[in-house]
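Same chain, two partners: subunit A is paired with subunit B first, then with subunit C.
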Partner chain A sequence: MTWLPVLPVVVPLAMAVFMALTTRFGSEHRVKGIIGGLLHATVSTLLFATVAHQGTIETRLGSFPRPFTIFFEATPASAGLVALMSWVVTAALVVATATMDRPRLRRGFHSIAQVVLAAASGALLSGDLFNLFVWFELMLTASFVLVTLGSTPAQLASGFKYLLISLMASVFFLCACGLAYGWYGNLDLAKIAELQSSFSGPGPNMIGGLALVALAIKSAMFPMYAWLPDAYTAPPPGIAALLAAVSTKVAAFALLRIGTALFPPAGGLWFDILVWAGAATTIAGALAAIAINDVRRRLAFLLASQMGTVLVAIGLQSASVVVLLIAHEMVAMAGLFFAVAALGRTGSSPVARLAVGGGFLVCALAVAGIPPTSGFVAKFAFVQAGLLAENPLAVGAVLLSSLLSLFALLQAWQSTAHESEKSGAKLGWTVPAVCAATAALTLAGGLLAGPAVSGLKETVQGEVLR
Partner chain B sequence: MIPSLVLRTWAKLLVPLTFLFSLWILYRGHNSPGGGFAGGILAATGVALYGLAYSVAEARKLLPAQPLALIGAGLGFSVLSGFVAYFYNRTFLTGIWNADLKIGTPLLFDIGVYLLVFGVLMQFALTFERRIGEEGE
Partner chain C sequence: MTIVLPALVLVLFASGLFLIQRHTVVKVLFGIVLIGNAANLLVFSSAGMRLAAPPILEGKDYAMPPGASDPVAQALVLTAIVISFALTVLALALARRLSQSMGDDDLDKIDEEAEL
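Presenting the complex of A and B:
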C-alpha cells in the first residue's frame, strides 16, 4: 500500500536506467519509450483508483518519522493529476516518436522523457517543500535537455533563456525553502499550514512572496512569461506537446499547494496579487496570440493565457476549480499541439485529415470554453467561484480572454485548414488516432462532468487546503 | 593532450591512488564526511588527469564501461537499494542493515551515486578534453 505513491517516480527512472544500459550505437528506443509511458500510466491510474477509493495515502521514505522524512502524499487531486498527465505524456511520446527526426531520437529523447515523467510525478506527489523543490529542479534540468535536443541555433538560444530564467526562479524558491525552515523549524507543508496561524511578523509574508515570485515565473505569469513562447516553438512539436502537458501545470499545482500552506491567511495580499497578475496574464496572452501569425507561437501564447486563468483561480483560493482547470488545460492544450504536429503531413486519407482537423477544432473550442467540452465545465466552475468570491472584474477578464482566444484559435483553424500539403514523410495512422483520442477525452470531460465535479469538490477542498 | 614526462609519470601513479582514496571516502561516507558524491568526483579527477597526460582514447581504456552505461548502472543501483526494503515489509528506501558486518542498503545507494557521478563527470571531462586535443593538434 505505502509502495504505490512511490511507483510513478520509480518506474520511469527504472525505465531510463534500462534504456541507458541497453543503448547501442544508433538505438532509438521507440518501443521502450512508449512502453515506459504506458507502464507509468498503468501505475498512476492504479494509484488514482486506490486513492479515490480509500483516501489519501502517505508514504514516508526510509520510514523516518514526520516531519523529518521525505514523504509522498497521494491525495485524490494529486494522484488524479499524475494519472491524467501520464496518459497525456504517453500520447505525446507517440506523437513525438512519429514526427521526430532520427538524430534526435538517437540522442536519447526517450530516456530524458522518462526522467521528465518521474520528476513531474515526484513534484506533484511530494508533501514537503524541499523535496518539491528538488523534483522541480530535476524536471527543469530534464526539460532543458529536451528544449535543446538537436542543438539548432534557435533551440540553443531559447534553451539558454529558459535555463537562465528558471535558475533565477529556483534561487528565489531555494531562499523561500531556507527561510521557511528557519521560521517554522520544518519543511512539511501540512505542518507549516498548521503553524502558520500562530505566527505573526514579517516572516510568513517574506517567505510567501519569494515562493510566489519563483513559481509565478515557472508557471508563466504576466510580466515574467517571455521565456515560454520561445521554449515551446524552437523544439519540434512533439517535444512542445510534452512540455505543454507537464511543466507549467506542475508549477501551477505546486503554487496552489505552497500558497495554501505558506501565504499568511489574514492579509491575503499575495492572493490578491495572484488574481490581478493572473487576469493580466490571461488578457495579455490572448491579445499576443491574436497578433501573431505563426500557429505554434500563437498556441504558446494561448498556453500562457490559459495559465493566467489558473493563477486567478489560485488567487480566489478555490482549490477544486484550480485542479479542474489544470486537468482540462493539460488535455486541451496538448490536443492542439498534437494537431499542429500532424498539420500538413496527414496525406490524402480523408479520415486522417478529419481526425486532425476535428481534433484541433474540438480542443480549440475547449480552450475557449464552449460546451460540450471540458473547457466549458472548467470555466463554468471558475465563474461560479469568482462570483462567490465577489470578484466580477477577475471573472470579466477571464471571460474576455476566452472570447479573444476563441477568435485567435478559429482564425488559426481557418488558416491551417487551407494549408497545402507539405513535402516530407507522411505520417501513419498513429498521430491522427492520438488527435482523435485527445479530442474524445475533452468531449468526455464535458459530457461526463457532473459526477466528477461533485466528487472533486467534496475531496479536493479539504485535501489540498490542509 | 600534454606531452610532459613529469605529468605522465605522475598521472600513472595518481590514477590508482585517487581511485583507492575515493573508495575509502565512499565507504566512510555514512557516518563521516564523504560518501558517493565526493568519492565519484575524486575517482573522476584521476582518470581526467590521465586523459590530459596521454589521450582521451587511452583514458577510455581505463573505464570499465561507457560513461552512459556507468550512469545507467549507478541510477540502477540506487533504485535497487530502495527496493530491498520491500522484502522486509518496509517502505521504499528504508535502510536494511546487517548488524555483524555493518553493511546495509545505504551503502548500495551510495555506490549507485558514486557510479552515477563518476559516469557523468567522465562524459563531461572526456568530451572537453577531446576538444582541447583537437585544438592543440
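Presenting the complex of A and C:
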C-alpha cells in the first residue's frame, strides 16, 4: 500500500489534464469538476482510514534512497487534514458551480481547482522541505489564476498584489530550503529533527527565521496579512470559499512541522514570536472585522483572526491542538463563505432560506467557540494547552478575540438578513444543502468530539512532535 | 569563489529590493526576478563551490564516486529555476492584462482606481 499517499496528488492532476484535454468551446465541466472533487475525497478518505489503522505510510517515488527521491509521508494528522480539506473543497466546488457565472466556468475554473487540490494535498503529505516548497508554489500559482479568473479590475489589482507578496515569501522559503541543505546536508524534516541536537550554531535560527517570515505571509500573520482581504473579496464567493479552506491552513501546518523539526521541544524565541504575533493577529483581525461593513471583507478578516489562534497554538507547541484548530476552522469558515455565496439570491423556498441562515448561524457560533459546535472543542483544547504552558495572556487574547468575532458575526447576521430580501437571482437546492451539511458537520464535530480528540492526542503528539 | 558568490547574492538582493519599491509594474517585476535569481544562487552555493567529479550514480547501491559534487543542490536549483520562470511568465501576463485594463502602469494609481 506504499503507493497510497501519492493518489491524492495524482488523481486530481489527472482529472485537471483530462478536463483540459476534453475542453470544447463553451465547456463548463460542471459534472466532471464535482466528480473530480468526489474522487479526491474518496481517495484521501481511504488514505486516512488506512493510515489511522496502520500508522504512518512513507512513499519514496522510484524507490530511490532518501535524499534523492520525491518523498511522501502520510501521518494520521496530515492524511486526516487532506481528507477533511478534500470534502470541504468538494463542497466549495458544488457551491462555486451553482453560483458562478458561465464565462468563469468556461475559462477552466474546474481544472484549475483540481490543480489547487492536488498541490495542497502534496504540500500536506510531503515529507521533505523542498518538496513542500514545490507543492506550495504550485498551489499558489493555481490560486493566482483562481483569484484573477474573470479579470475584473478589482480582481486583477488584488491578484497582482497577492502575486507580488507571495513571490517575496517564496524567495524567503527557497532561501530557507537552501540554507537547510547547506547546514544539515539534508532536507528530510524527520531527519533534521533527529540531527537538531548534534548541531549547534546559528543555523536553526537563520533557517527558522526565513521560514517563519515566508509562512507568516502565507498564513496571514499580523502585520503581513494585508493581501488576504483583497484576494478573498475580489473573486466570486465560491472561489473565496475554496481558497479559504486551503492555502492559509496548509501554510500553518507547514509552519508546525518546520518548527518542530528545527527546534528542540524546550521552546525558545521562535515559538515565543509565534505566540505573540499570533495573539496580535487574532485581536487585530477581529477588530478589523468589526470595523468593516462589507460582509465578505469581514469574513476575510475573521479568517485572519482565526489563523492567529492557530499560530498561537503552534507557538505553544501543542501539535494536537493545532491540528484540531485547523480542522475546525476549515469547516466553520467554509460554512460562513458558503452562506455568503448564497446571499442576495436566497430565492423562493423558505426551507432553502432556513438552511442558509441556519448554516451561517451554526458556523458563526463555531467560529466564536460556543457549544455544542466544533469550535467549542477546539477552543477548549486550546485553553487547556495554553494554561498548561502557563501563558494566560495569550489565552486571554484568543478568548477576547472570540468575543469580538461573535460580535462581528452577529452584526453581519443582522445586515445580511436585510440583504437577502432584495434578492435577484434564483438559488437552487444545492447551495442550501451544502450549507446545511457543513453546519451538520460542525455540530457533529462538537457532539462527537470525545473519541476523536483522545485519538488525536495519542497519535498526533507522537507523530508530529517526534 | 567563496567571496564572489555571496557578494553576487548580496548585490542581486539589494538591487531587487530597490526595484520592487518603484511604482512602475515592470520595474517591480524586474526586482522580483533579480531577487529570485539571488535566492537561486544561494541554494546553488549551499552545497559549497569546488571543482569535483560529476555525480553519476553507479551500481545497484547507487554509490557516489569519490570526490563527486553534490547533485542534490543542483537538482534543487534546477527545480527552483523552472518554478521561478513559470511564475515570472504568469506575473508578466498578469501585469500586461492589469496595465491594459487600467490604462496605467503605476501601481499606486492602479490601486486607487481598483478601489473605485
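One rule holds in what follows: the second predicted complex is superposed on the first by the 455 of 466 C-alpha atoms of A that agree within 3 Å, B and C clash if a C-alpha of one lies under 4 Å from a C-alpha of the other, contacts with A are read in each partner's own complex, and residues count from 1 in each chain.
We take it that contacts are C-beta pairs under 8 Å (C-beta built on N, C-alpha and C of every residue); 3 or more make two chains touch, one makes a residue touch a chain.
Since the model is a prediction, treat every value here as computed from it, not as a measurement.
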First, second, both or neither for A:F109, with subunit B first and subunit C second
neither
Once the shared chain is lined up, is A:A20 touching subunit B (first), subunit C (second), both, or neither of them?
first
Of the partners subunit B and subunit C, which touch A:F338 in the superposed model: first, second, both, neither?
neither
Hey, is it subunit B or subunit C that touches more of subunit A?
C
Applying the document's definition of touch, where does A:F48 land relative to subunit B and subunit C: first, second, both, or neither?
neither
May I ask you to decide whether A:R60 touches subunit B, subunit C, both, or neither, giving the answer as first, second, both or neither?
first
Look at A:V6 in the shared chain and tell me whether it touches subunit B only, subunit C only, both, or neither; answer first, second, both or neither.
first
Touching A:Y225, do we find subunit B (first), subunit C (second), both, or neither?
neither
Set of subunit A residues, in rising order, touched by both subunit B and subunit C
none
Which of the residues in subunit A come into contact with subunit C in the complex?
64-65, 67-68, 130, 134, 137, 141, 144-145, 148, 151, 153-154, 156-161, 163-164, 167-168, 170-171, 174-175, 177-179, 181-182, 187
Subunit C - residues contacting subunit A, complex
20, 25, 28, 32, 35-36, 38-40, 42-48, 57, 62, 71-73, 75-76, 79-80, 83, 86-87, 90-91, 94-95, 97-98, 101-102, 107, 110-111, 113-114
Which subunit A residues qualify as touching subunit B in the complex?
2-3, 6, 10, 13-14, 16-21, 23, 59-63
Spell out the part of subunit B that touches subunit A in their complex, as residue ranges.
68-69, 71-73, 75-76, 79, 82-83, 85-86, 90-95
